[in-house]
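Here is the structure we will look at, set down as structure tokens.
Going in written order, the chains are labelled A, B, C and D, and every chain counts its residues from 1.
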Amino acid sequence: MTSALLYVLAGALLCGGGLAGCLLVRHLLRRLLAFNLLGSGVFLLLVGLPAHRHGSDPVTHALVLTGIVVAVAATALALVLIRRYFHLTGRVSLPTGRQEDR
Amino acid sequence: MSSLLMAGLLFTPLAWAVLCLLLAFRAARLASVIGMLLQMALSLALWAWVAEQGGFFYHLGGWAPPLGIGLRVDGLAVTFVLLTALVGAACGLHAGLYLDPSRPWQRYFWPLFWMLWAGLNAVWLAGDLFNLYVGLELITLAAVGLVVLGGAAPALEAALRYLFAALIGSLAYLLGVALLYAEFGSLSLVGVGEGAGSASPAASFALLIMLFGLAVKAALFPGHTWLPPAHGIARAPVSALLSGLVVKAAFYVAARVWLELGPALEAAVVGVLLGVAGSAAVCWGSWQALRQPQLKLVVAWSSVAQIGYLFLLFPLSHGVPEAVSLQAQQGVTLQVISHALAKSAMFLAAGNLILSVRSKRVEALAGVSRYLPLSLFSFGLAGVSLMGMPPSGGFAAKWLLLQASLASGQWWWAAVLLVGGLLAAAYVFRIYRASFQEVEESDPFYHPPRSLEIIPLVLALLALGLGLVAEPVLSVLGLPFGGEVLSP
Amino acid sequence: MIERARQALLGAACLLFTVCLLWAVRHLVALPAEQQALSVLLSRWLPDSGVSHPVTAVLLNFRSYDTLLEIGVLVIAGMVGISLARTSALEDPAMRSADPLLHALLRLFLPLLVLLAGWLLWAGSSRPGGAFQAGALLAAAGVLGRLAGLPMAFLRPGTLLRAGLVLGFSVFLLIALLGALDGRAFLAYPPGLAGALILVIEAGLSLSIGMILLALFVSAPVAPEEDADGGPPA
Amino acid sequence: MTELWLDGLLVCALLATAAGALLSRDLFRAVVMFIAFGLLMSLAWVRLRAPDIALAEAIIGAGLSGVLFLDAVSHLRRRPAGGAAEDD
């Protein structure tokens, strides 16, 4: 099954791009988007690799369903935090540089 | 009997989380005390059972791995379960008195606290790679929730930093799991370990990426930047839980995966890299602790340093004789236990001191030695263990690590142990010096209730006494694990 | 300058990571195709799981511990969400749309969505579908209703909301304990009852999942009248 | 063969929308790209013979996350109470 291979490749590239986004982008909302892309890439690899080797594997489907729910919980929580942070400070990215003592 | 113990151990924290969510702060506090006693009794009973009968596998739902999820209940796991019960109960009791019940959001402390406890137990006992992922996420989200409790801007900032670092770490770990599953077709640690008989490039990369993710979650230098703000801003009992137990969970998973896969995959370079990062963490963390103007940040940076020691396990357990590897494992386990006790004691004592002097700064401690000797004493006792002076658990741990590094011919790690101990002495004495400054005659301080002061003292005494009982503790860890399955 | 160097370093690391990942993937896809032991086990034991759809069997029977903890993660997210929502009523009056056409449409549409969720739940035992999809659909229905300004009194942060958040979780937990008290392992179903109990758990879970996701959506906004320094002295 | 071409096209579209979600200058556009990415992912799951995930992805990934993100974007465009709005 070669079409699974295509999705595996896409998954690997998504992992790379998502990781780059998570590490390099400062805007919190964009970083969260990148986190979701990274997650999608991992899920594609998790399902695609066994699918390429053995054919459809229901165990991986169950794992990815679990993973998606965990990811959406984390995303929703992060959005609540980001919005509240913006509300209190007007910032959409975390400050860098030396930590001054407050 | 032990089947019921296991069920109780898994059920109680989750059930108490539900219960406490439905109750108001004071009622939840009462319920939690009962729950903590119950959990303590269960952990102790399970520990005694394993110490007597040996470890076993527990198949959840009656399904054997690889189809189902098996829990690995061995000496190490039950020791950490017991440690969690001890530190968790101490922090919970302290929090019940320390947190202000009039704030409406404080009621959420209790359900989050229990969820955290459930996640920790799940990780200690886990024998399944994906289950470990879910357990780690449970811990992460509960910990972030505890940090952000109340929702002030600095707490939000620290929590967001923590959340992103931890989430990326988890996904890196999951990616490794995906690659391992694709290669070996199993999710159980044992199954993957059996499959990894010979070196495989994909599995090596999977191991690398998993260790990377877990190192970020365990705040290993240079991925440590999220830790000081998060542990510094949280309320004292929360910081104690996070520093004492939460970071250890990620390290525990890393060590488990490493000991299962590392030898087969010939990943010596990775081990040395982790050792170097750990050494850098010891030096940089201690140096920063020396320079922090705030008391809790001193303690938080000290955590960065102390976690560094743990990662010496990786170079000292790879490509060395079995006996040396065992020594290193024992030393690191003692370091985990003694740091969990000492650091939670230190954070709780620091919380009491902050409560007393009404300021978070180190200079504000002037005069404390005269009017609040007890809290300062607990802080200092915990410091003794961090420095690694006899008879503390920290000393026993470092002694074992020292022997392992000399026996393996890797003497340079011993230098790290020495430098770290000296720097730890410096930052603990800095606090002492500040508190011995003389001030005006009258006592300007708030005196916290005696029970608040006793809890860190007990923990610090345990950390100190650990060195004396190191032998029996280690004997449970070293129990042979036959791998028999518990049949209810 | 240092920031620039840091960014370049991180970028290079990401590139290296991608290359290594592709290289690992190349090795993995070159492995010989073989019958997988786990799939054999799965089809061997599927008849004993109480459901005929393998994914549901894995999620709610073989690996139900994962699912239990995962719902715990969702509950935590929901808890933290409502703990940060400082408004007394989680309703945004500004959102209440007065468009009668939209209301009429929604009145037709929402029951349909709820019905669809119920069907997904029911279908989950033998076909694709199940508690997550049904719960997410319920949440989506709730979000639609909220965007149109339908009143949702049950979302006030109170005992009712908290009870709803943990309803599915508690049902799951109690059934899990049942197995242990009965002399089997934690999370084991009594023989013959697995199918029925899984359906009960799934019904509870989809309600709670829907409620948690909806609560997270609703508790995200910060009402403008709220004070900016609502936090505690840190 | 046609199927392979279709898969190739889908993968290219996936990567393009992902890049759009990462690189778009406009935040709103990035989120829209992300929603499109979620829909395409759900198609990809269908192609990988994982209908359960496809359903979940369509409802959660594209629908719910999308609404959450859109709502957040519109919120971040409003002026905050605490301080001056900061451009990214």
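Please note the rule applied: contacts are C-beta pairs under 8 Å (C-beta built on N, C-alpha and C of every residue); 3 or more make two chains touch, one makes a residue touch a chain.
Quantities reported herein were computed from a predicted structural model and do not represent experimental measurements.
Simply put, of C-D and B-C, more C-beta pairs touch at B-C.
For the pair chain C and chain D, the distance between C-alpha centroids works out to 19 Å. Distance between chain B and chain C, defined via averaged C-alpha coordinates, is recorded as 29 Å.
The distance from the centre of chain A to the centre of chain D, with each centre set as the mean of the Cα atoms, comes to 11 Å. Distance between chain A and chain C, defined via averaged C-alpha coordinates, is recorded as 16 Å.
Multi-chain contact residues of chain C, defined as those touching 2 or more other chains: 17, 21, 25, 28, 31, 36, 38, 42, 55, 63, 66, 70, 73, 76-77, 80, 84, 132, 213, 216-217, 220-222, 228-229, 231. Residue positions 130, 134, 137, 141, 144-145, 148, 151-154, 175, 179, 182, 185 of chain B are each in touch with at least two other chains. Across the assembly, chain A contributes residues 9, 13, 15, 17, 19-20, 23, 45, 49-50, 53-54, 59, 61-63, 65-66, 68-70, 72-74, 76-77, 79, 81-84, 87-89 that each touch 2 or more other chains. Contacting chain pairs in the structure are A-B, A-C, A-D, B-C, C-D.
Chain B makes touch with chain C in their complex at residues 3-4, 6-8, 10-11, 14-15, 17-18, 21-22, 58-63, 66-69, 100, 103, 105, 108, 111-112, 115, 118-119, 122, 130-131, 134-135, 137-138, 141-142, 144-145, 148-155, 175, 179, 182-183, 185-186, 200-202, 205-206, 209, 233, 488.
Residues 51-52, 54-56, 59-60, 63-64, 67-68, 71-72, 75, 81-82 of chain D touch chain C in their complex. The touching residues of chain C, when paired with chain A in their complex, are 3, 7, 10-11, 13-15, 17-18, 21-22, 25, 28-29, 31, 33-36, 38-39, 42, 54-55, 58-59, 63, 66-67, 70, 73-74, 76-77, 80-81, 84, 132, 209, 212-213, 216-217, 219-222, 228-229, 231. Contact residues on chain C toward chain D in their complex (touch as defined above): 55, 120, 128-130, 132-133, 136-137, 139-140, 143, 147, 213, 216-217, 220-222, 224, 226, 228. On chain A, the positions that touch chain D within their shared complex are 2-4, 6-7, 9-10, 13-14, 17-18, 20-21, 25-27, 29-30, 32-34, 36-37, 40, 43-44, 47-48, 51, 56, 61-62, 64-65, 68-69, 72, 75-76, 79, 82-83, 86-93.
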